[in-house]
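Below are two complexes that have chain A in common, paired first with chain B and then with chain C.
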Partner chain A sequence: MSTELQKPDATAATGHTMPSRESADRKQLTQGRWAYTLLAPSLILLAIVIIYPVLNAIIMSFQKDSGLDPATGFFSEGGPAGFENYTHWLLQQCTAPGGGSLACPPGTLGAQFWDSMGTTFFFTVVTVAFETVLGFWMAVIMARAFRGRSLIRAAVLVPWAIPTAVTAKLWFFIFAFEGIANKLFGTQILWTGSEWPAKWAIIIADVWKTTPFMALLILAGLQLIPDEVYEAAKVDGASTWQRFRLITLPLVKPALMVAILFRVLDALRMYDLPAIMTQGANGTTTLSILVVQQIRQGFNTAAALSTITFLVIFLVAFIFVRFLGANAVDAATSSGKAK
Partner chain B sequence: MKSKKFLLPAAVAGVLALSLTACGGGGGGGGTSSGGASGDAANNLDGRGPITYVQGKDNSNVVRPLIEKWNAAHPDEKVTFKEQSDQADQQHDDLVQNFQAKNANYDVMSVDLIWVAEFAAKGWLQPLKDKTAISTDGMLESTVKSATYNNTLYAAPQSSDGGILYYRGDLVPNPPKTWDEMMGMCEIAKQNNIGCYAGQFQKYEGLTVNAAEAINSAGGKIVDDSGKAAVNSAEAKAGLTNLVNAYKDGNIPTEAITFQEEQGRQAFEAGKLLFHRNWPYVYNLAKTDGSSTVKDTFKMAPLPGKDGPGASSLGGHNIAMSVYSKNKATVADFIKFITSEETQRFYATQGSLAPVLTKLYDDQELVTKLPYLPVLKTSIENAVPRPVTPFYPAVTKAVQDNAYAALKGEKTVDSAISDMQAAIESAGAK
Partner chain C sequence: MSTATASKTSTSSVERPKRPFNWGSLRTYISAVIILIWCMAPFYWMLVTAFRDVGYTFDTTPFFTHVTWDNFATVFDESLGNHFGRNLLNSLIVGAVTTVVALLVGVFAAYALARLNFRFKFVVLGFILGASMFPGVALVTPLFQLFTNIGWFGTYQALIIPNISFVLPLTVYTLTSFFREMPWELEEAARIDGCTQGQAFRKVILPLAAPATFTTAILAFIASWNEFLIASQLSNDSTKTVTVAIAYFAGAQPHQEPYTAVMAAGTVVTIPLVVLVLIFQRKIVAGLTAGAVK
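For the complex of A and B:
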């Protein structure tokens, strides 16, 4: 975007003064320096806010957590750990009482790593799938012109406007044993007390909350499709299904992929809903919950886990951007062109 | 266009990193100071001057009047109140961060008794001996035990709490003294078509409390006096088996697996439970709640045990002194003020906080105001502090996960107990 904007300016400048080649170079040089000076504050800020903590977390992840010195009863520094913190999670190896290592026994955080990895991806795939389908449907409805459209659009946003922690508490009460869900359907399901109901309770709450976000992003994409295209298709005798499949879908794809990318990244670090609704019981412990629980037991091991989580999410994002064509920047430029 | 394609993953990485940072926020500088502990603990023992008292949200407005009273009497050693949030986890993390920063402005703090061992082992708490000694005469023994780590007193008991068995006096003429007796009375519940017994069985801290009570009441232990895992015993298995069988038989209703304190209280108040284990706070609510159907019919008894009163898990807070405080002499005086009979009486009447001084439980004036005191006294006298160990978060996790699996029948009591033992051992081995 920015380069395209600058080009006309640059040609205009040369057109006016027609300077010698040397001074143009010089101007470019000083301008570059000036630009860096102007950029410096934000770069420094980014370094402090992003790069330092990430590097610090990585450095910490190679340190052992402090251990108890049996002689004094006090904690002492753990020293360098090598990859021990990483193998602790990836291979689920815990320290044995006499030294050495053993498979983490049930009831330790280490024993939950792969389970929570699976849970996290399960939640991601299922919730994003539901949200995409429902969101698309809602977007198609909202894109139509009808009386009260703006009211509907505002109303749809309500779940998204409620903070997640509040949503979680809300659904916690709905899914309590004596709660509305059981009363309404006359059932006696232990929603938060058994595995699959607990998972579905969280999925329902998440879909309720974030479908509006999906719907709005898709709606933005739908509105970029010019009406003339549909009219032309109609004239050519395309059926509704053909119009949807051959016009709507391909044209909305950039916006759709970006929406899915955002939701996937969001869902992979899901924390609030399971933390409040089930405290991670009954197979609802996500990676983020595991990180937070580990922080209270040892920072360095937690740093290793959050680094692993970071790499996993980064990998997923990379696959999306590289192979599935979800590209936030491209979507932005194509929307600019459509105007 | 090409360069943009290249930049995007970097931009995404940046956004992700930002979210990662939010997760790892508590991690800054995880170093601990064991060697320095003796150094800091020896400093400023005679220091006097203004200090800061740190405590979680003061819901019943007891702290401010107390501090006003203290400040009026000590104009040169004024106390400032730093109020934390009302979430225990956040209070814990706030204290940890300030200890790590060696913040001299966190002089004296209210510490949940399960954190004492951890903070003491990190070298953050001033041992209360020699110049900073605090007398524990007349205090309930189990509360003193909860403030002791490695045979050294690291905090002074501030307020206490214990489990009470609430029961339906209209249906049960004499309260059960033992667990078996109580299970025998479940016939009455069946005839009246209500649930028999419930405590807190959701997977959270409350389950540790209830599982520990079952294990301790049967004569078992979770960790021994030196903090080593000691749960793999026949007694501990018998204790957990009591809970597991009661759940399997339906004596503990199915939905109790989703109960925290509040859900259990509501079920009891709605008349759906014959027996209910909960904390003293339920008394006032069950007496006054508009929705309570058991206002005039419920009664209280000590928790049932194997042959007599059961071993309640101890709740409550201790007050501790930071090794980094500059005015330790003032802090010691303030701790004496907080644990004084007068203050303890004020805690009980104003804040409904159970006192730590034995004699207040027999005080006629207090008992008229808080009729649960005699029962609570038996409860706390028989109470066992939850495992005193610097690895408390890992220990409670080991207890919760395995007890929960056993309750739900996902594993046998035997394997639950041996997994519990292994998990606690591996936590201490780090």
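For the complex of A and C:
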């Protein structure tokens, strides 16, 4: 994945270990046990805090929620549900009074699944698109040498450092009916009170908060490109646009793809901003919000939804890594000094 | 570096003079100012509002006017049902314990990943990176039930354990990339110069690793401090953290958002982070980008 250009010392390091493949193998064997001893605490801890709850959620998702059974009217203890909880969300089937199932009535959580799936992907695509373009622009500016550059780099960290909950409240205030946004633009929009303005308010808040992270990742990628490459291209008569398209873009692509992957996965689990700014009202219910709303109504149905959410995010990550070449692991391991 | 190439292309144009009026650099400065305003203006507005008299909440004067400390008094006023001091302490406890646990455990894993060769290294790294991207809601549902069943609901461990799920991976991969950049040859050199292994570790490796570990600790603490989803579901009144408190801040009048007080609360929560981030700016940027590009 890493180009020769970016990592001049990567080849040097591999050249280092080349001479005797045999001793390298033996080294690997003796180091293996030691390595796993050191890794064990972290892996065990992660297994406890992630794998155990996930397995637990999967088991729960195949159980009925205890509660009043709408079919019989009696309290039901739960019991195996088969794929009922999944069809509840995916096919929007609710249990009908008197048995059987029917389409979930509008307004219930079950009826909102595909809407919130759409909302989640809409937010993801729009915010990441804005963040990529804006972040790239910021990174290009920050990569230039000018006086006050360190000031800009510091300023960029401010939105990143502010907790998302505070960001949400801050933009909620900015977008209040009597707030500065309406006064500044001379509009009278109920920003968080109607569908599209609410969506845009959340998108703007998210873009403000996370573009710096994107910009810094892209900047780090830009700084790996040696100046000589640009100089050589200039000598060869490449225009600014050609230099950008033929040098900057391909060379920064690995870093860019990883940054986009990180942001996409983060946006797909978006919760804080819509939960605080609109409580999920006006078509801003993301999958995460829907899960949390469902928790109060029934764990097992919520577990099915959280499993679906997890699978969706996993699938997107897989597509990114497999087909779009965003190899975060590769990027993280291909460092020069790795011996 | 530009002179070398300029001499080749300078058939017609003059070699870049000392201080010309450079339209390119003017564009750069204008862009820089736009970035500065875009990043700082909302933050600045929070500060202005935090120090503004409640009666002038929606005043649009862009300077500090009607300055008062009242909002900060409101924030810590317990008569409205808020316990902001308590919330701050809770966030501090949860953040500190999470950070310490993640570092104590993660430092060994990072050393192994950065320095040792072993099978399935890619799988382990992939698992750790994947774990950091794991959606919080997928944990909240099963943990909500589990913690309710074993009576942990509303305890500190009920917040610390899920926080570890994203802080530990972050710690491991940030430390791993820092450790990779360290000049480990110095350890060997110290041994050759007659240091024992312990001395080499104490006098050479530890001072070298300290800044990296410290930066990672800051990143871990910020991640935990900013967490909202898990805290909003698994905490009760006595363990509520600041992010949750700010989201559901109670004002004097029902149904009327206490904007100025909330902005003051936001300021209290944010200022320490901003100061920390500005002091350690360089290191933090290195840590943030370490896992992704290096």
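Definition applied: the second predicted complex is superposed on the first by the 284 of 339 C-alpha atoms of A that agree within 3 Å, B and C clash if a C-alpha of one lies under 4 Å from a C-alpha of the other, contacts with A are read in each partner's own complex, and residues count from 1 in each chain.
Basically, contacts are C-beta pairs under 8 Å (C-beta built on N, C-alpha and C of every residue); 3 or more make two chains touch, one makes a residue touch a chain.
Here the structure is a predicted model, which means the values were calculated and not measured.
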item	value
Fit or clash between chain C and chain B when superposed on chain A	clash
First, second, both or neither for A:Val166, with chain B first and chain C second	second
Contacts of A:Ile141 with chain B and chain C, given as first, second, both or neither	second
Which of chain B and chain C A:Arg153 touches, first, second, both or neither	second
First (chain B), second (chain C), both or neither touched by A:Leu190	first
First, second, both or neither for A:Asp65, with chain B first and chain C second	first
First (chain B), second (chain C), both or neither touched by A:Trp241	neither
Superposed model, chain A: greater residue contact from chain B or chain C	C
Partner chain in contact with A:Val49 - chain B first, chain C second, else both or neither	both
Touching partner for A:Pro41 - first (chain B), second (chain C), both, neither	second
Chain B versus chain C as contact partner of A:Ala57, first or second or both or neither	both
Part of chain C, among the options 19-27, 37-45, 91-99 or 127-135, whose backbone runs into chain B after overlay	127-135
Shared chain A contacts, counted only where both chain B and chain C touch the same residue	46, 49-50, 53-54, 56-57, 60, 176, 178, 265, 269, 288, 291-292, 295, 299, 302-303, 306, 309-310, 313, 317, 328-329
Chain C residues touching chain A - in the complex, by the definition given at the top	1-2, 4-5, 8-9, 25, 28-29, 31-32, 35-36, 38-40, 42-43, 45-46, 49, 58, 60, 105-106, 108-109, 111-119, 121-122, 124-131, 133-146, 161-162, 164-165, 168-169, 172-173, 176-177, 180-182, 222, 225-226, 228-229, 232-233, 242-244, 246-247, 257, 259, 262-263, 266, 269-270, 273-274, 276-278, 281, 284-285, 288-289, 291-294
Chain A residues touching chain B - in the complex, by the definition given at the top	46, 49-51, 53-54, 56-57, 60, 63, 65-69, 72-77, 94-99, 102, 104-109, 111, 176-178, 188, 190-194, 265, 269, 278-282, 288, 291-293, 295-300, 302-303, 306, 309-310, 313-314, 317-318, 321-322, 327-330
Interfacial residue positions of chain A with respect to chain C in the complex	24, 27-28, 31-32, 34-36, 38-39, 41-43, 45-46, 48-50, 53-54, 56-57, 60, 137-138, 141-142, 144, 146, 148-166, 168-174, 176, 178-180, 183-184, 208, 212-213, 216-217, 219-221, 224, 227-228, 231, 234-235, 254-255, 258-259, 262, 265-266, 268-269, 271-272, 275-276, 287-288, 291-292, 295, 299, 302-303, 305-307, 309-310, 313, 317, 328-329, 331-333, 335-339
Complex contact set, residues of chain B against chain A	4-5, 7-9, 11-21, 23-24, 26-28, 30-32, 34-35, 37, 89, 92-93, 120-123, 149-150, 202-204, 254-255, 257-258, 263, 266-267, 390-391, 393-394, 397-402, 404-405, 408, 411, 419-420, 422-423, 425-430
